[in-house]
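Below, each structure is written out as structure tokens.
Shared chain: subunit A. Partners: subunit B in the first complex, subunit C in the second.
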Partner chain A sequence: MDPLSSVLPYSFMCRLQDAARPGQPYANPFIHHARIRGQRARTLVPSTYKEVERTYAASVNAMDISSEDGRFLLSGGGDGSVVIHGLSNFTESVKQIHPVVGKVLANSSFAHEFALSACQFYPHDHGAFTTSGKDGKVKVWDTRKMTPVHKFTFPLPVIDHHMSLLKSAKPLIAAACMDKTIRICDLRTLSSVQTLSGHSKPVNCVRWSRHAANCLASGGADGKIALWDVRKARSCLAYLDANNAIPSTDLNANSLNFAHESAVVSLEFSESGTHLVSLGADHRLRTWSTVSGKNTLVNYGKVEFAFRDLHRHLQLAVTSLASPDLIFVPSRDKILVFDMVSGERLTTLTAHFQQVLTCAYHPHFQSLFSGATDRSIEMWTPETDFCDIQEEKEAAKKYQMNRWAKRQACNNITATLTADTWSDED
Partner chain B sequence: MALTPGEMLSRLIEVEVTSGQPRLSERNVKEIKQVCRASEDNVQEAFRLLRQHLENDHSEVRFSTFLLMKELFDRSHTFRELLIDDIHEFCVLVTEIDKTKPLPLPKPAALKMKELSVSTLKMWYDKYGSTYKKLRLAFEFLRDTKKVVLREESASDLFRPDVRNDVVRKNADRTRIDKVNAEMEESGNELDILLTEVETLFGIIVPEFEPTDAEERRTVSREVDTDTPNLRHHGLPSMSYTVQIQLQPSSLKLQSNSENEPLIDKIKENTRLLNSKFRPVLTRWLTLLSKSGADVTSLKTVIDTKQRLENALQKAVALGISVTESASSGSSPSKKRVAKDEKEEDSSDDEFVDVSEIGSTEYQAQANFQPAISNAKPSLSQVAVRSDEDQPCCSKSVPTVGTSARQEALAAAPVVPFGLDLEDWGKEKSLTSSMFRTPYESLHRFWRPPEVAEGFTNQEVNAAMTTRLIPFVGTFEPVKWSCRAPLPNGLLCSRQDRAKCPFHGKIIPRNELGEPEREEDRLREEREKDKAVQDKIPDWQDPELLKDIQAETGLDLKVEPKRKKKKTNLSDVDKILDTPRSRLAKKILNKSTVKRISNEMDEQQKKQAAEKFAHNWNYISSA
Partner chain C sequence: MEPELWDKLARGKCRSETEPSESTSAGDYRIKRQRTVREEAHTVRSSLDQLYRTFPTDRFSYMFPPVVFRHQLYSCLPQKTRTEIDREVNAMRSRKEIRCIKLGFTGDELALVKQDSFREHVRGYARDHLKNPLIIERFLDFVDNFDISISTNDLKKDRAFTDEDIQSLVLVGVLIVREVGTWWLSFPGAGQFMKTFLSGREKVLTMVKKAKYSSVLESELIKRGLPKRCLGMHYTIHDVIGNDLVLVSDTTSGRLLRFRH
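Moving on, here comes the complex of A and B:
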């Protein structure tokens, strides 16, 4: 059975098949539907029929969706617990609750001692995932057993960590630490191999580039965004500047290039890897071109940041497989949806009752998951989402039959036209 | 002019929201609902208005707004959608989920709102939760994250009067009834015996006596039934005659003789006892029982007994037997009784409305009747006469003509209250000085108070003791004229002052229109009027001047007249906040004061440190 068919709604699969060229059923089907998906992603509402099972007794600090197949939702709580929800088990009923398929309780000996700060599936396989916590540990887990395989320990809290999504990249974990450095951990040797220092205050967020395998960006509480190449002896490439000042020559903590007036709390590369989105505690959202390293100067307006504590990471989300690119930014108890290119605020999503901490976009469903301090994971789906799997199936079948009939008719015509019309009378 | 629906809504909602009442007026709510029903736009407008009011910094306003919202929520889908779309803010404003945004004062309304809102949300969740996702989320947030305690009772229960109060009241009632029942058992027997005695005695004295009312004439008609021959004996030709005998109360006066005297005495004795002792007791029982909601049977027995007693008393009165005690001895007990009654009334619950006893007034009046003379204060004339009588005299049987003239003169003479001046009246020697001498003068061997001149008296005290102030009372001459100055409403001033009207000054002759008749008065009045116009705006508030000042210096010195506070039905929040503590805190904890005091304390500390240092030096050098 095809792996996608277990994940995607039936009708969607049919549509994909229709779009596919004959002979190559699944050759990059998504491109054709990017605009449709973009349209769907614009109209998110709190899902009426789909829900994520409530388990948390603390805030939901971080989330990730298994990027390869989108079948699992990984999330980490403020009490150190880790939960995996299954997203692919569709039932026949109208209401669908995505169940918990794996959980590490807060009081378990495997769990992080303090709050969890980031979590991510191993990019190429959901059989492993990584988490980092305020207890200064980065853990690598076996998903099946829900037990840690290895842990990297650092002296101070880890605020964020990230692994490259590129297939060509080496399995390196970049961990943003409270001690103003970024630690690079190699999963092949299970050791911390490199320390990148260049921030004058704790590093809040770190993201690997999506087009250059060895490059990463980091944002610090000092308001700087630094670009690094881990292969280089002098790893820092540049500090981004909000006013597009000439890149300064001193590539160290004394640099005067500031990306934000206050701490940088979130970084995310666009799917294409050409843009970098950053959120600052100065209530600004900025988009940077990764090619030129310049601020694109798109005005997104004010994005409120309500925390007094500047050493934290908020997880914003960008759409993938959709056009145009959208940004989902947590701001207080709301999620703001922006068009990345135009800067237009499309909608404001309100259903949370306290600070939203994390967003994760599901590219296949065009739906969004968000976690907040109010201990809930909310699921946002497009307005026109199908509600009943049974109905959906029937509709899809009808559609397919219709197409089949048409094709058949077409074939008949061609058959009649292309057929030889010798007559006995000749 | 017809109001637009928007204006009407705004007005109705404003009235309802500022009522300060814990309930909504049904009429207004109905009207609001009707307006909202007319169109969706009106619902949206109503929501907008209510949402505005919900942010008011007064819990009573918020509470009323919340109640209104609740009413509309149950009706309109549009309203529900609007409210649920905004439910986070709504919860913050109503259930206090955000500790940084507490509910405003006054506190009782806030608490009530919080409680009601939580139970209402639960109700909404039960009813609409399946359809409105956000409502479900809000409720789950309250339940799971905020751990709000959800009570099972519905919202209407909150409006029920306190059950505990009811229980307390019921218990009090029961004890009261038990007490009355005990009393009834105790003295009911005696009462019964007395009543039966009186009734039998009446039967003996006046057989077949029908009770009559004193005022009402009763006609007793009796058909004469006899044989025809009998009729003939009497010279009556027919049987159809009727004879009417009118019994009038005056004809029923008893004539006591040696035969019936003991009976009458007995009746007298019993009725007096019944009237003075048992009637008030019965009245009290009746009120207590009816107030505390006793069962019908016990009430009925008391009413029956009272009816019997009243009948007996009525009969006695009709027979000319006085039911009140004699004048000499009757005053005090009856008074005492009244006083006692009042006391008992007080001791029982005040919240009951007193029920007037029909038919008892008549007796009350009789019972309270007292000879006026015995209680009146002795007047001077009486005293004088008595003093005359006290003098030894050989013959005082016939009052002389002279004394009567003297009495008349005395009666006409004014009465003067007794005072110190009268004590020394006509005496030459002044005693006042001795009165102020201290009795402890020579108690000490050596020490004496400062020498006081012998016979020294305070002049003022002396004067007060020897003189009497008698205010002159002249004949009152009523004022026959009025001010008649023209008033702004076109009428003339109708004040009747002797010389000067407090509003229009000296009273002067005026014509029909109120203008002064004399030329000089007219001129003076005009002058005054001009001056009043000028004085209306004080010089320093002259708008021209102020404009100039503003142009020159940029300062706007205009003083706005103080605005009067709008009268509302809401409880005053400022008053709640204005506690002695807050007033003191304003003074003590104000920034400048704290700064000054801390400076001063720093100074002192420095001084102490310097001193210590100096001492240190001393110790070292001395060691």
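Moving on, here comes the complex of A and C:
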């Protein structure tokens, strides 16, 4: 194994090697497997034989898959309930239902008072998870007991929160608050240690960087995306600008850089950490280079955003371990699938009856989970995931027969064409 | 058939034997030229030039320079992806061939004005309306390094412009208030342009809406035309299609525009 591959993210590794030896796409198993995963991820259909057990009495607001092993699906509802589904309990029958393995009811004293806005497993261990709610609380939970261990309380609703997925990062929770600030909570001291202010309207989404342990990006209802370094005294590094305006030395002018015309509702770093994807209420999806801080100018077309309330967070998903990076974007009752680099819209996933609020991509099964206002969690699996063996055999036989018939017809035609019907014997 | 003739045919030399060599080279040249013309029709630069050339500035007594919106190129060049067009426009912008100006209501309506025509137009306007046209010369040199918007602090840096200067620049119409301390760059007559532009767009949209089944062929629209006080029909159709204000489907007799309800 390459020593580099242990350090660099998977898809980045694949791309490196891709560039190094063009024309030999399948020489390397890394590329081969990533491409297969990419192929599978782009042909998602509503699963015909897998299903997530229905429990919700309210909308599904947030979801997360345990990143270490992918065995659990955590989700939070509009009534403050929290549910964990097991994804690895396989049954003998063909039909598989992912069962509920843990649940906090909405009327329980542990649950959030109002709607839940974001949830996430502790990145390195699914023994703990964090949730944040519209009641202004960020709670840290013990997964086994399904009880909160600690809660951070803020005066106004928390719209989103995130913990860094990097192993080198400190256990800090960044919470995007309605009071225009980002609060950093430290799990080691169990206290809110830092407040980042710089947005002029409520902060809608916050994400820790995938390659710098102390950096995070935040998007606000004012249409700005800010990059922060929590170590610095003047912690705001830059505001991203959609038109790639020439950076001015004047800081006031920089604070007038707008990433979107309207509120930023979702942010996500690509798996390699080199790109940042943002979704705005101005119906645009933009991709930013985290190296240069510039708009990559990929035009994804119009992505409809149907909510009147701009202080909300929609969760988009980015593929990991797959070779062409794909983006899954909730838009009305559909999920749009884009190629991140080319901006091409590959498919539209339609099954929900109401607004889709959240997506979560499962890197091992190449499947997608989506939650919506219609109180259901839909599961999307690759088209080729399940085929009846008998049917497959028949299809192969048919294909062979077809080929044979075609070859016969071709031979007949060539025979008639090359037949010498006019020349004399001599 | 003789084997030699076969060989010649295969090599494509049959004609050069019968015809003098000079005419062949002329023919080659003609083919090459045709090919380049055909290829040029599919580049951003050529379709921009085409739109600038057909822009009716004279009909509006030169109130505004030729302006093309970026999204119009999406409709002109359907064979290119929007990403490609955006990137090419950005390259032209960084080469300072064109100037991007923010007009309109939504963020994606980015107006492109040729650098030369922008300068010429601003100079012409300032000559008639400003006592001290030298400010404009200074401004045009200064503004080369900026795009879309500019802040007061940048303008005042190194005492380039005083408050009075900025006031007169606002009067000319090259600066428009964005927020406290920042300005959008613009050109004199931008308001007049937007008025004519939007009235044309509205006319075309009602034409599409009022048509049978709310759908019209592009050729049909061009046949009907727009009144003289609007910008050209081609121009407006490109705007309506590129901005996704109508649904477009390709038919055997051209593009079909359908109203988006």
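Following the convention adopted for this analysis, the second predicted complex is superposed on the first by the 346 of 426 C-alpha atoms of A that agree within 3 Å, B and C clash if a C-alpha of one lies under 4 Å from a C-alpha of the other, contacts with A are read in each partner's own complex, and residues count from 1 in each chain.
The rule is simple: a residue touches a chain if its C-beta (ideal position, glycine included) is under 8 Å from a C-beta of that chain, and two chains touch if they have at least 3 such contacts.
Just so it is clear, the model here is predicted, and its values are computed rather than measured.
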Check your understanding: With subunit A superposed, do subunit B and subunit C clash or fit?
Key -> fit
Check your understanding: Does the superposition put A:T350 against subunit B (first), subunit C (second), both, or neither?
Key -> first
**Study point:** subunit A residues touched by each partner, larger count belonging to subunit B or subunit C
**Key:** C
Practice item. Mind working out whether A:C205 is in touch with subunit B, subunit C, both or neither, as first, second, both or neither? Key: neither
Point to revise | Partner chain(s) touched by A:C119 [first = subunit B, second = subunit C, both, neither] | key: neither
Exercise for review: Check the residue A:T48 against both partner chains and state whether it touches subunit B (first), subunit C (second), both, or neither.
Suggested key: first
Check your understanding: So, does A:G301 touch the first partner subunit B, the second partner subunit C, both, or neither?
Key -> second
Practice item. Look at the superposition and give the distance in whole angstrom between the closest pair of CA atoms, one from subunit B and one from subunit C. Key: 6
**Study point:** subunit A positions touched by subunit B in one structure and by subunit C in the second
**Key:** none
Study note, to complete from the structure: Listed in rising order, subunit A residues that touch subunit C in their complex are 242-246, 248, 250, 252-253, 256, 260-261, 282, 284, 297-299, 301-302, 342-344
Practice item. Using the touch rule from the top, collect the residues of subunit C that touch subunit A in their complex. Key: 81-83, 85-87, 90, 100, 106-108, 110, 145-149, 151, 153-154, 178-179, 181-182, 244
**Study point:** Complex interface listing, subunit B residues touching subunit A
**Key:** 85, 88, 91, 97, 133-134, 137-138, 140-141, 144-145
**Study point:** Footprint of subunit B on subunit A - complex, ascending
**Key:** 46-48, 54, 333, 350-354, 374-376, 378
